[in-house]
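Heads up, the next two complexes both have subunit A, just with different partners, subunit B and then subunit C.
Moving on, here comes the complex of A and B:
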């Protein structure tokens, strides 16, 4: 390379860097701004509480920074969205919310250690329910709402990445809209900005509707708002130690079942329902599979958990079964019963559902049903190829053919998930967990659910009993799971390879200077 | 009748030939010099060289004074433009060939109206329907549905074991007196097709066409020595449009279907479109592929690529491997008579089905027409007009042309096989067997 060529390359890189400022500004502005809003809402609930100052400060401060970031990004707005800076910006947005939340926990005195505060914050933004607080009632109302709000923000960012960003960066369009195929128009919008706006609008509307429903069935305002935030985001944080069982109300259980099941729906389908496309919605294959699985799994769990040998009665036990199936299959983690002490067959079913999660394009974590159906079809095709070596067969979900590129990505996703789960389980076992706990904890963390099967029987609902090294091992798993893994890897890759490239460039420049 | 045919491809040439044989004044518009030279030798028609999308060419073909335009090129856009020009020039009836589903469907009716289309034809779909019919009647070489499906024409080659073999027509008639459910209409022996008399004795190897009541088809099929069990496993060789339409229809009927095409992009399209159909990529003349896929275990093998040689070779291989029936779509028909003995059970042409639709429009009151490839015999259906010469008359009184046969009538929805003492009533649907040149005369007798 000549000196002039090298100079041009460096100038182009600088220009790219300036353009990327717009992307980073948008992602961080939205995330930090949303944290500010959450801080202000929490401050309202902290009235008369000694945490109010910290929450107001957090709200005003982060809100101001977020707003400033959004204003400052305008001159640098890029015309086209590019994969690497956009996905890196998304990862940074998550980390920013986690960092803000860490400061809030420390500033409000809710937690005194930085690593504890960071763990609780990461668990929040990753919408996992494995909290540090065995009894959340020790926290003030404002912090309880803040804690749930971090899950709400985590859910919003996840939806934004899954529906508004990733499909437009060459990711699987089927994940944003189960009917998407080829260049077919996506249900929500065919461009990132309108799609993101609709995501925010729908998420907001659903949040308000759920809050009203929970108020109607008798929850206090704090409980209703906190559980709304943690349910529409499939987060699972509760304001009470025994989660939804605390309310001892079947009406609350039923409303929560509907809310959690809805959170496992593809947002594109919710949009279709909202715009009156009922027939088209019911034809979506993934929805049929998802509904059928929930129904069959509920019956399976109800039957295996021995309904007749239970003082709660057949119907109540049925509701508990449905609740638990829906809660875990949507990776929420709310609970009404200790499912860890149920029949092993029921536990195994629940763990399987937990690993698969909800529909594509939903806020739920996990592998997603569309991938499972697609990969089963792929296996079937490979079996058929053994019999008919020259067969040409499309992998289909329902009547929609899935592109080979998407299938490749789904394989990669599955392998990454297995790799993360395996590595996490090894690390947890290394730090002292038994095999069952290590495996189920890692699985639950990657799917962003939270609870696991405890060493001593029953369900592990809190991270308080875990060691600090266990929690340190869980954090990257939860974040990777929440970020649908690929963006996380891209983001990490950028940091690692970017640093490597910069070092190489510096070395090259020094060599060049030495020569001249 | 003045007819302008646009395009001298397979369909256009056959339509021009049929109409010219029936006495119409036919002009063909064609831009390909080699095709022009070919039809100049073959047909007694006027040829106008040039593009049918050029109004001056169409005017010199006389579309302004034509009674009918048949736009039959393989390019939809050319057919649409030619039709539009004809409509603007004042042609009364326009038949347009359209293949793309989007512009063929009812949703595109406004487009059809805009170009003045009286009838839209699609040779690919017609061929697929014809093959579907043949697959429903294993062993049959020809099938035509007439009179709202009340009447069926079945063509087949008599086997040694067929009950009809060795019997004279009078013996067959006596066996089924007094109520005939079928009638033997034509016999083809040694390349000659005749409308047989009652003393004619059937032999093994004769190609027989029988008109029967649909409800007794199983009995007739047995008498002809054909199987009555439908094919279940079907292999389609060639994944063109016809193959796709056929595969989709067969799959919908619950058959096990495999389809082979050599174009990787096309096989991917087929795999996307066809659920439940085994799509294979490969050359249909690749014996290792056919062996690998156990072609001999299929009940029927249908070869419908655009290459006659490949279709014939693949059918021969399939038959030798044990396939029960082979059907080949052929575009050149000169040697088709030799194929049966070699192992191709049925040879069909894309031209006949489309030609039948065109003839229906040409003959106006006729509601169904079946032409045959081997001869100029036509099976057609016509409704008796109350003001026609035929209303109230008997078969004998009408003095119909020689070799014309009243095969059946359908009166008030009930089918009846034709007999000499039959009296026609207004509203009867009459199924005729006649030579092409007599069709126009018969139409006049039965319509006002």
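Moving on, here comes the complex of A and C:
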């Protein structure tokens, strides 16, 4: 390389670096700022509690740092965002929230070990419900709200990545935007920044509405706020050991069913409803499939779990079945019954739903229904191609064609999900779980649900019985699942290969030439 | 397959063209191929009949005789009045293959149902056993195998031998007239087996494949007979289920009955070779031994098997292994290596034999550490090489799918980059990549639906999922209570029927069974259209 060429490359790299600083600053600023806000909200609930000092300090400190980062960041144009630094910034944002949360748990004395605090934090931001606390009531009210708030932040970041960032960086637009599925009037996701602003607004409005609904059906303020945070984010943390069953109220169950099912909807659909496009909303193919599957799965589970075998009445058992189906299919993890001791057919159906998750563009984890529907349509086309090899046919979901690139990405997503689940299951089995527990734990972690089938029967609801090595194996799975796998893989790839490239002798020589 | 099946009859060389049959013969390729396949069962049935008659072990010669009569009558009734037609259309290819297998399974179940093995009241069990045999799965519903006659047990082994290379491939060896459609038929029955043409003529390719197959079977039989332990009968019986990677045995404890590392070594070598592409064997026999090393598929297959053996040996050696009563097993390095080699190869090639010397021996892989059992499940799914008699999704497909997924991630970084999927130095065409993705997605969907249905009958989740995977990959044993020292009686009757369907779908690599009704429905549609046209013309007149 000539000296002029090297100088040019160096200048380009420097420009990229400056722009990337803006991206990193924004992502980290938003994440840390949101943590600060959550800390202050939690501090309000911790009034008269030992933990108030730590929560106020965390709120003010992190909030200050977050807003300072946002103010000091380098301005950048959204159009100039590049995939790798942006996705890496998203991964860093998650890690920053997890780190802050770890400090909060340690500072409030809720957990004394760093690894335990880190696990609970990662479970929170990954919106998984496999908590370390068998009885959360031992925690103060402030920490209970903080715990749920980490899930709320995790959900917000997930929506931001899924709707506001990834589709504009070459990701599948179909995942975020029903317009790509044939609806032209909607304007949720034209550009990244407006899309992100609308995501935050809608998420906030939905949170307030749900909190009010839960207050109306009789929950205390702390319970209502904590359950709102953990439900709209499909997190699943509860303030009680037996989750929603604690309230023993069918009104609460029904409200929670509606809230969880709504959290499994695409946020773009919520926007369509909010803007009065009811008919267009009902025409969304993925929504029809999702609703139909939820209904059929509820009947399947209700039928197989045989309500006549136990003391529960038919209607009560029906509500339990619908609640469990909705809770697991939206990867929330709240519970009203021990579904792990139900009929194997019902359990298998619930595990399948848990793996698939909610709709695309929703806060739920899992594969997402749009991918499953798209891949089924792709398989149908391949079957037809067997009969008519020369046929040229687009893969369609409803009446809209899906791009071949999207199909490729969805297939990659499916394969990496299986790969992560398999690898995770092997690791968990290595640390002592039996086959069923290892497989279901890994699957549940990747789909960010949480509960699994326990070794000795029943549902595994708490990570307290797991070993430290089990929990260490679960953390990367949960984070990868929450980040929809691709950003995580890109981020890891960048860190590994980027470090390798930057440390190489050739890169060093080039830099040296550029400087001189 | 596709290139040749796309050729019109006029494009085909003179020698490939279908000659006009007598006027009395009706053009019905599906029925014609079904008839031929049934007729090809007769030699196998005769062998079993003679053995049963000579040994007089269970007096099931009547059942075998009845089956021969049924096969002759049905076979001739289907074959004589029909002809394959000028060109076998693609839908007919799938229906021919699927209906041939269904017909052979139904007829193949007759000796079990009419004899003392099950009786007519358990025809579903007889059908399961037949499907398991023809699909080379090796799952059994026999609680006591050794209580049955030698002839009927030999028929069980012979069904696996037929299934290994396929009855339709056998039919193609005597159907020079099929020409263009012949390769399509072979490919639909076993897409991997005929991916490479070994000779210019399709019939010659089919014959070469069968010769190779018979040659390997004979070699395994001779070696088994030479080593101490197996009798001539045992040697032939186990050679038939080794070359087909089937896994049926004439003993309750399978290969564990012989408790001989020499017998296990012969079986392992046989299974390993039959898990590799037969085209490579053909090239090696013609002097090109390096073709094995050149094949990326083979390299990956060998790497997977070797890695799994090393992991299984070390884990079994270091980690405590307990028997069914919870007692600690004394596992030495050699014993660990021996059982690891046998079980990894038998599961990697979808053989499904067991070398367990009892339920509490290390050969019973259900006793192994859970991480090893999950690893074995993954090996089952991947299966053997393309072009082998092994089942599973096949190494080639797994490799293409993985590389394609990595490419999709790399494309996030370089959205405008042109990144073909490469195997070794060769790029895989996009059309094949799409077909592979379609196949694997369908494979996954069917496995999950199968597991859901099996679990709905009350089977525990581990058993349901592993049995569904095992059936789809034509493995045989599963995990949990359906392990290598057990049988599939642990599942209910409806669950066994679901598994039988999965075995058939897995053996015919999904498409043939799923598209089997394409030809009848299109014929129906054509007939309706003809009827409409006739009615219209009459009305006009």
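Convention: the second predicted complex is superposed on the first by the 488 of 516 C-alpha atoms of A that agree within 3 Å, B and C clash if a C-alpha of one lies under 4 Å from a C-alpha of the other, contacts with A are read in each partner's own complex, and residues count from 1 in each chain.
Here, a contact is a pair of C-beta atoms (placed from the backbone, for glycine too) under 8 Å apart; a residue touches a chain by one contact, two chains touch by 3 or more.
All values reported here derive from a predicted model rather than from experimental measurement.
**Student:** Considering only the touch criterion stated at the top, classify A:389 as touching first (subunit B), second (subunit C), both, or neither.
**Tutor:** both
**Student:** Does subunit C touch more residues of subunit A than subunit B does, or is it the other way round?
**Tutor:** Touching more residues of subunit A than the other partner does is C.
**Student:** A:399 contacts which: subunit B (first), subunit C (second), both, neither?
**Tutor:** Touch partner of A:399: subunit B, not subunit C.
**Student:** Please indicate which partner A:378 is in contact with in the superposed arrangement: first for subunit B, second for subunit C, both, or neither.
**Tutor:** A:378 contacts subunit C only, not subunit B.
**Student:** Of the partners subunit B and subunit C, which touch A:412 in the superposed model: first, second, both, neither?
**Tutor:** A:412: touches subunit C, not subunit B.
**Student:** Residue overlap on subunit A between the subunit B contact set and the subunit C contact set?
**Tutor:** 388-390
**Student:** If we count contacts the way the header does, which residues on subunit A are in touch with subunit B in the complex?
**Tutor:** Within the complex, subunit A touches subunit B at residues 384, 388-394, 396, 399, 401.
**Student:** Mind pulling up the subunit A residues that touch subunit C in the complex?
**Tutor:** Its residues touching subunit C are 83-84, 87, 169-171, 304, 343-345, 347-349, 351-352, 375-376, 378-379, 381-383, 385-390, 405, 407-409, 411-412, 414-416, 418, 422, 425-427, 429-430, 433-436, 438-439, 453, 486, 489-490, 493.
**Student:** For subunit C, which residues count as touching subunit A in their complex?
**Tutor:** Per the touch definition, subunit C meets subunit A at residues 2, 5-6, 90-91, 94, 369-371, 373-375, 378, 401-402, 404-409, 411-413, 415, 434-435, 437-439, 441-442, 444-445, 448, 451-452, 455-462, 464-465, 479-480, 511, 514-515, 518.
**Student:** Under the touch definition given earlier, write down the residues of subunit B that touch subunit A in their complex.
**Tutor:** Touch residues, subunit B against subunit A: 264, 267-268, 270-272, 275, 278-282, 289, 292-293.
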